[in-house]
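Some structures are shown below for you to check.
Below are two complexes that have subunit A in common, paired first with subunit B and then with subunit C.
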Partner chain A sequence: MKKTADIVIIGGGVAGCSCAYYLAKRGFRNIVLVEKKYITSGSTGRCAANFKEQWESPVKCEMGKYSIRQFKVLGEETGFGDLEVVQNGYMFTLYQPDQVAEFKRRQTMQNSIGVPTQYLEPYEVKQIIPQYNTAGLLGAILNPEDGHINPFKLTFAYEKGAKDRGVEFDTYTTVTGIRVEGGRVKAVITDRGTIETPVVINATEAETKWISRMVGLYHPVEPQKHEILITEPMDYLKLPMITSYDQKIYIHQMPHGGFAMGTLNEFQPMGIVNYGSSWNFLEEMCRRAVQMIPAFQNVRVIRQWAGHYGMTPDMNVILGPAPEVEGYILATGAAKSMMMSPAIGTLIAEILAGDTESAIPISKKDVGLSRFQNYFINPGGSSKKNMDAEDAVS
Partner chain B sequence: MRIQQHPILNFEPAEEIPFYFEGKKLTGKLGDTIASALHANNIRMLRHEHRPRGLFCAIGNCASCLMEVDGRPNVRVCVEKLRPGMVVKIQKGNGTLGKEEK
Partner chain C sequence: MDESKMYLCRCENVTLADLHKILDAGVTSMEEVKRYTRCTKGPCQGRTCKELIAKEMARYLHVPIESIDIPKDRAPIKPIPMGEIAKGDQ
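On to the complex of A and B.
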């Protein structure tokens, strides 16, 4: 384990590994990544394994578009191999007139910047997914370019790419403190020793606020518990991922055939990290899934697990330095680290390099911390806006 | 193969019931599971997934003996009781979602 480094990344999930890879690729040297358990042990390895580029804001759409372009080449670029990228689409099924109006408004915005979302009538949904129960359905929004990627392989590809470029990975190393002197980051203290460093990147997503507390700051990233179950494998139907805000579920068939179905755990308040599985979820999830696709009644559940979203007030990523402490940088994916990981790593590398140009046509202000000035007033309280944010289920 | 004599257990004569396996009419006995009726008729290959598969755990835990029964895929024949007139087929692959729906 190194005693000094130029950059220390905390968090061995997809966001941290992506930062390590893109920083090393950019030419930064002497990078150490510190992970409490093993690579992908947190929310990365527990995610629903899908990506999309249809978002509510142009900033996220651009990041999604860039990420999908990178997903297609990353396997080869890192020398890792196949990442199981499949583009079967991503469908929002709409049951309320105001949802239809909102998604049609988004569709206009998305189409204008090159995201090919389409509006579907219920009979068209039935053509694409013959098993779907269209009772009460008003319509659906589908983007055929969205799809599936294996989150483990993606993270291991970043890890390989970073290791090949000299990044040190310290797993089973818990960060216990960060030494700050004169408003500057000086060192990261772990249970296996201290690493002197001028720059710390916090890529811990759901546990961001506890790391930020080590430098005396509060950042508005609150963990929200989600649970997923997976069924026995069935024939691969190449269906799009189905999300319904009305029934608050998402259903996604993995290429091996198992259906992953997930939703948020409404019984656990935000702000706590708890990886336990619950009965209410299993019962409620099965009920909603069978209502949506009646054929699921004969399909057995294999297992279930839980993970966490890192909820930010506007459900967009937080990338960039904290102004109060020099050298302290946030790389929070806002529950979208996996599907936006190439954009996260690229933007962090650009921010650290001080670039004015960007590979992604967005402003760094749109992803920086400065947009949350109003949210620091009530630290710890999960704002109402949080819960209502449109991405509360996906 | 059916055990006729056993040092501890007694096998009472049971009613014979017909069923169909891959289009052939076979007979099992009342109280059989589908798998035991097939074994009694010397049929060991129950599923084909990458390779032929037969009984493995025989208590409903593993996925080795999943068969298509009356058009329904993924039936664990080791724990499913035989009923008269059942149509049993070797399952190829994982079974398709919604195939059994009329």
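On to the complex of A and C.
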């Protein structure tokens, strides 16, 4: 393990590995990534494996568009090989008139910046997904360019690309403290030794606030528990991913045939990390899925698990420095680390390089900490009130 | 015998040769083997392969089997149709 570094990245998930890769590709040297367990052991390995570029704001759409372009080349660029990128689309099914109005408003914005979302009538949904129970359905929004990527392979590809460019990966290494002197980061202390460094990147997503506490700061990233189940493998139908905010469910068939579906755990307050899975999730999810697609009745569930979103006040990423401590950088994906990892790594590299121009047509202010005036979110509060928030299920 | 024809995980087609290749690359954690190969993630959920793989890892790495981090069992223990679960207590 190195004793000194120019940059230390905390977190071996997809966000941290993406930062390692894009920083090394950009020419930064002497980078160390530390991870408490193994690569992909946190939220990355528990995610739903989908990506999308249809969002409620142009900033997220642009990051999504950029990321999808990168997904198509990263396998070859890193020398890792196939990343299982498929673009079967992503469909929001809408049951409320105000949802229809909102998604049509988004569609106008999305179409204007090159995201080809289209509005579908219920009969068109039925044509695409004959098994769908369209009772009560008002319409749907589909973006055919959204899709699936294997999150393990993606992260391992970043890891390989970074290692090939000299980045040191220290797994099974727990960060126990960060030394700050005179308002500047000096070193990262781990259970396997201390690494002197002027720059620390916190890419720990759900555990962000505990790392920030080590430099005496509070950052508004609260873990929120989500659960997911997967079925036995079925014929691969190449259907779009389906999300309904109304029925609080997403359903997504993986290329190996299993259907993954999940939602928020309403009973666990925000702010806690707990990977245990619950029986009431399993029962509720099966009820919702069978109601939406009755053919699921005879499909068997084989496994369930839980993971965490890192909830930020506006549910967008936080990328950039914390002004109070020089050299302390946040790289928080806000539950989008996997699908936006190329944008996260690229923007972090641009921020550290001091670029004024960007590969992604957004302002760094849109993703920085300074956009929050008063950013405390109630960590002990119920998760329920966030159910209606954007991304509560996606 | 040909190790590439000896299946440890039948659901996900993981062979003895696949496992040895990963162990030869320096991996010592069964959780990591699971992430690389998808072993124990098929319909049997490791009921046929989990102990087999753990045993082979211990033998190949010359460590006691207790030191292998066998992935935890996740509910449901065996596959159950969604329609049955959806019925709840009824």
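We take it that the second predicted complex is superposed on the first by the 381 of 394 C-alpha atoms of A that agree within 3 Å, B and C clash if a C-alpha of one lies under 4 Å from a C-alpha of the other, contacts with A are read in each partner's own complex, and residues count from 1 in each chain.
The working rule: a contact is a pair of C-beta atoms (placed from the backbone, for glycine too) under 8 Å apart; a residue touches a chain by one contact, two chains touch by 3 or more.
Note that the coordinates shown come from a computational prediction; the quantities given were computed from them, not determined experimentally.
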Combined model on subunit A where subunit B meets subunit C, clash or fit: fit
Which of subunit B and subunit C A:R300 touches, first, second, both or neither: both
Contacts of A:G257 with subunit B and subunit C, given as first, second, both or neither: first
Partner chain(s) touched by A:Q131 [first = subunit B, second = subunit C, both, neither]: first
Touched partner set for A:Y123, first subunit B, second subunit C, both or neither: neither
Which partner, subunit B or subunit C, touches more subunit A residues: C
First (subunit B), second (subunit C), both or neither touched by A:C286: second
Partner chain in contact with A:L237 - subunit B first, subunit C second, else both or neither: first
Distance in angstrom between the closest Cα atoms of subunit C and subunit B, superposition on A: 5
Intersection of subunit A interface sets (partners subunit B, subunit C): 232-233, 296, 298-300
Subunit C - residues contacting subunit A, complex: 29, 31-32, 35-36, 38, 41-43, 45, 74-76, 79-83, 85-86, 88
Subunit C partner contacts - residues on subunit A that touch it in the complex: 37-41, 45, 152, 156, 231-233, 256, 277, 279, 282-283, 286-287, 289-290, 296-305
Interfacial residue positions of subunit B with respect to subunit A in the complex: 63, 72-74, 93-98, 100-101
Complex contacts: residues of subunit A adjacent to subunit B: 130-131, 232-235, 237, 257, 259, 293-296, 298-300
